[in-house]
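This report concerns only the one structure given below.
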Amino acid sequence: MTIGKNFISTQDWSKNELDELLQSASDIKKSPYNNSLKNKNLVMLFFNPSLRTRVSFEVAMNQLGGSAVSLNSGQDSWKLEHVEGAVMDHSTTEHIKDAARVLSRYADAIAIRCFPSMNSWEEDRKDLVMGSFAKYATVPVINMESSMHHPCQALADIMTVKEHAGNLKGKKLVLAWSNHPRQLPTAVPNSIALIASRFGMDTVIAHPKDYELDSDVMHAVEENCRANGSTFKVVNKLDDGLKGADFVYAKSWGSAKYYGRPDSEKSVRAKLRGWKITRQNMLLTKKARFMHCLPIRRNVEADDEVIDSSDSLVYEQAENRLHVQKALLNLLIGGGS
Amino acid sequence: MTIGKNFISTQDWSKNELDELLQSASDIKKSPYNNSLKNKNLVMLFFNPSLRTRVSFEVAMNQLGGSAVSLNSGQDSWKLEHVEGAVMDHSTTEHIKDAARVLSRYADAIAIRCFPSMNSWEEDRKDLVMGSFAKYATVPVINMESSMHHPCQALADIMTVKEHAGNLKGKKLVLAWSNHPRQLPTAVPNSIALIASRFGMDTVIAHPKDYELDSDVMHAVEENCRANGSTFKVVNKLDDGLKGADFVYAKSWGSAKYYGRPDSEKSVRAKLRGWKITRQNMLLTKKARFMHCLPIRRNVEADDEVIDSSDSLVYEQAENRLHVQKALLNLLIGGGS
Amino acid sequence: MTIGKNFISTQDWSKNELDELLQSASDIKKSPYNNSLKNKNLVMLFFNPSLRTRVSFEVAMNQLGGSAVSLNSGQDSWKLEHVEGAVMDHSTTEHIKDAARVLSRYADAIAIRCFPSMNSWEEDRKDLVMGSFAKYATVPVINMESSMHHPCQALADIMTVKEHAGNLKGKKLVLAWSNHPRQLPTAVPNSIALIASRFGMDTVIAHPKDYELDSDVMHAVEENCRANGSTFKVVNKLDDGLKGADFVYAKSWGSAKYYGRPDSEKSVRAKLRGWKITRQNMLLTKKARFMHCLPIRRNVEADDEVIDSSDSLVYEQAENRLHVQKALLNLLIGGGS
């Protein structure tokens, strides 16, 4: 019944649809090969680099009997315009309207990766490139990470959590801000907070002052928790967040206050080196599992001994990308369901 | 019977061969999937970016049971030399002779995109890179746009025209020069003029003074029209061209007079902003269909309301790329015919 | 029995294993298509450009029913760290440990191309990137050319030699240093010296003073020859090397003395223009076959009339890349053997 829908944010899908998708992912994990996407083509358009996403989507298509075409925008292809009605006498070469409609004639689905510009948060939070593709494409559009969301990562994460925790009621996930040499986007923290709260987990976000996430997203997380009867808390001390946690999800992101001004943020970050997951501070948790979406800055975001411990789920999260994306592709463009 | 031939320009193929190819494309459009290219590999070498061409060729191969490999020259691969007998002690790393012969050992066909340098028209019009591949490869070479020709685009265009006009006798196609912020190559205008005249259409080219197309190509267009008993005209006013047109094909290209000197051309172009297709000037036509090969500079080459109108064929042209290329691949490297 | 092994250098494999692999390659050359790699995925990670290697591996996977995913590191993907325990607060974005383990969850084998930095030979000869992937990956790792080795090229070369010489006992192969405008790596000369000596050929290396190859590799070549009862010689005059040769393998490489200082080497090279294979100096040989791994600088490393003569094996070497790689993939990840 979800055939033909886009997949831009997990919030757009009903809980039933997400459950169905995760069940399908579990089934596929046990039986990974079939021909359900025979003659189907996925076009992937990357405005930014990718390792896990690109490989896992290509392999997903191949193992289901279909094919994927990967394009790097601005390198393999052209620079795209997204402003409606633009007089295109400057640097952009093609309008997303045209690219989306043309690709819809060739492909059964279009997957897009488009990071924020990191110049203006007001601009970036509108997620215009992703939104334009979704608006103009006549086939399903899959978000491979936009300014605001990384729903495929969220699916893989919640699948991994479920594999280890079973019933999520009363289980506590802490999204722990971590240090990093660069200002990173907020799509992953947004997405993990949304999915954990959606699936009824007690959700905690620990971040330093001035590292608030987007208020609309926070309201949605709060609403998710309220609907599930679970708790939501934001704390400004890492230790407060870690106490009693079942899952510690480390992730760095840039401060909205210094958005687009990485140099100004540097001195702030220099004082935040304690925001790192260590064996020591993991002792505060309830023998929590460690999570991260990768790539991770080792010994900056978390210590080697945490990432490489038997409580680390990072490679399972990565592997589950493959399974959830196969399930997603089957639902969106498979022969029917 | 055409198996093993190159496809560099539609002029190299007989009218019968082109008809057969278009018939096959129509059949494939109705029945798009089969296994006719099982075990076949197409290598595509891009010296320039591509969206439509790359995706449509990859999808074409996949939907016929074969596979495509895409390479970006000078990025994925090396810089290539085309001068016969060159002493290669400078920047080029491999001779096309060797690249073509080696790729012929791996692939069943080689497709090349190589735009003009836009430095010297005398050099560019020789189409040496494409010619060298055709000379040295021992498998069919397909032109994915060279300095002089874009025959796959021409095939898709004439297929689209035929789908809308049926009998082309007495139908008038105007190739209308349009404004654009950059000097563009002439491969597409050459190819559309050649194919329209070849298929018996009354062919008009409207362009400003100093924007003449290559004289050899113009002679060939003239000869095509003479052979078909159709008319050929070049006019220097857009309105003169549009009058009575059945198909308006907007396309920008650089002036031969200012070739390789885009800065000198700028002031000339500033006075040519009227060379744009608008709803207003479309009223001069015989309820013409609007065509463009894409990417198009919206509201510079043509207005949104023209491109997005129900008389616009731009997405059908793009889609037909897929079908004609499948037919072409079947003819060139399919199991037999 | 070799299933699951890495393929980093031919020296790591037993002579029996290499013989089996070459026999399989010959069989596949006669019967190139099957489904032995159905559902298998190869991920190829390129830190450097490639033509032959990329195309031949992709085609190999396709013709055996599998699929390949190609990534350009630092362009499609991220910059990778290889230092164990590194505090990653600088430019590298992901540790090879993580990349290798994640890719092992998606792919059945990982193929890596990583040229030397050409800054420090002491660093480069450790082959750390290739070694790190081999250490951390949980699926087979294939060397597509590292600082030290290019074993797939070596396999294709020895297959070609065997096709022309039959029994290699008493056959003389000379690896002839040749001039070139740039400092090239030594992976190919290392690999051809290792494989020729391993297969019992009388092995000669002709190079100018100061162009010695790595001493560990030279000891291994010497040991290979001793074990086979064949001869090994290094000479500093091209003519001395060519005398009585059955196979002349031209190849340029950088001088260890000037490693990382190409400008200092330039004046040295200017005096070495005589190190070129010409029709004239081929007369010194025993009607030798000419070999080169390509790409070749024509009329600098060897004259056109040598490369294009009927005694040249360069395209057969290139073609055999496809066949040996198929055999290799079958052994490493095929359904069993």
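Here are a few things to note about the model shown:
The chains carry the letters A, B and C, assigned in the order they are written, with residues numbered from 1 in each.
Going forward, a contact is a pair of C-beta atoms (placed from the backbone, for glycine too) under 8 Å apart; a residue touches a chain by one contact, two chains touch by 3 or more.
Computed from a predicted model, the values in this text were never measured in an experiment.
Where subunit A touches subunit C, under half of the residue numbers in use are shared by the two copies, so each contributes mostly different positions.
Superposition on CA atoms relates subunit B and subunit C by a rotation of 120 degrees, given as a multiple of 5. As a whole-number value, the distance joining the C-alpha centres of subunit A and subunit C reads 40 Å. Counting partner chains per residue, subunit C has residues 75 touching two or more of them. Across the complex, subunit B meets subunit C through its residues 39, 41, 43, 66-67, 69, 71, 75-78, 81, 85-90, 93-95, 97-99, 101-103, 105-107.
Listing the residues of subunit C that touch subunit B in their complex gives 32-33, 46, 49-52, 54-56, 58-59, 62-63, 70, 72, 75, 181, 294-300, 304, 307, 314-315, 318-319, 322.
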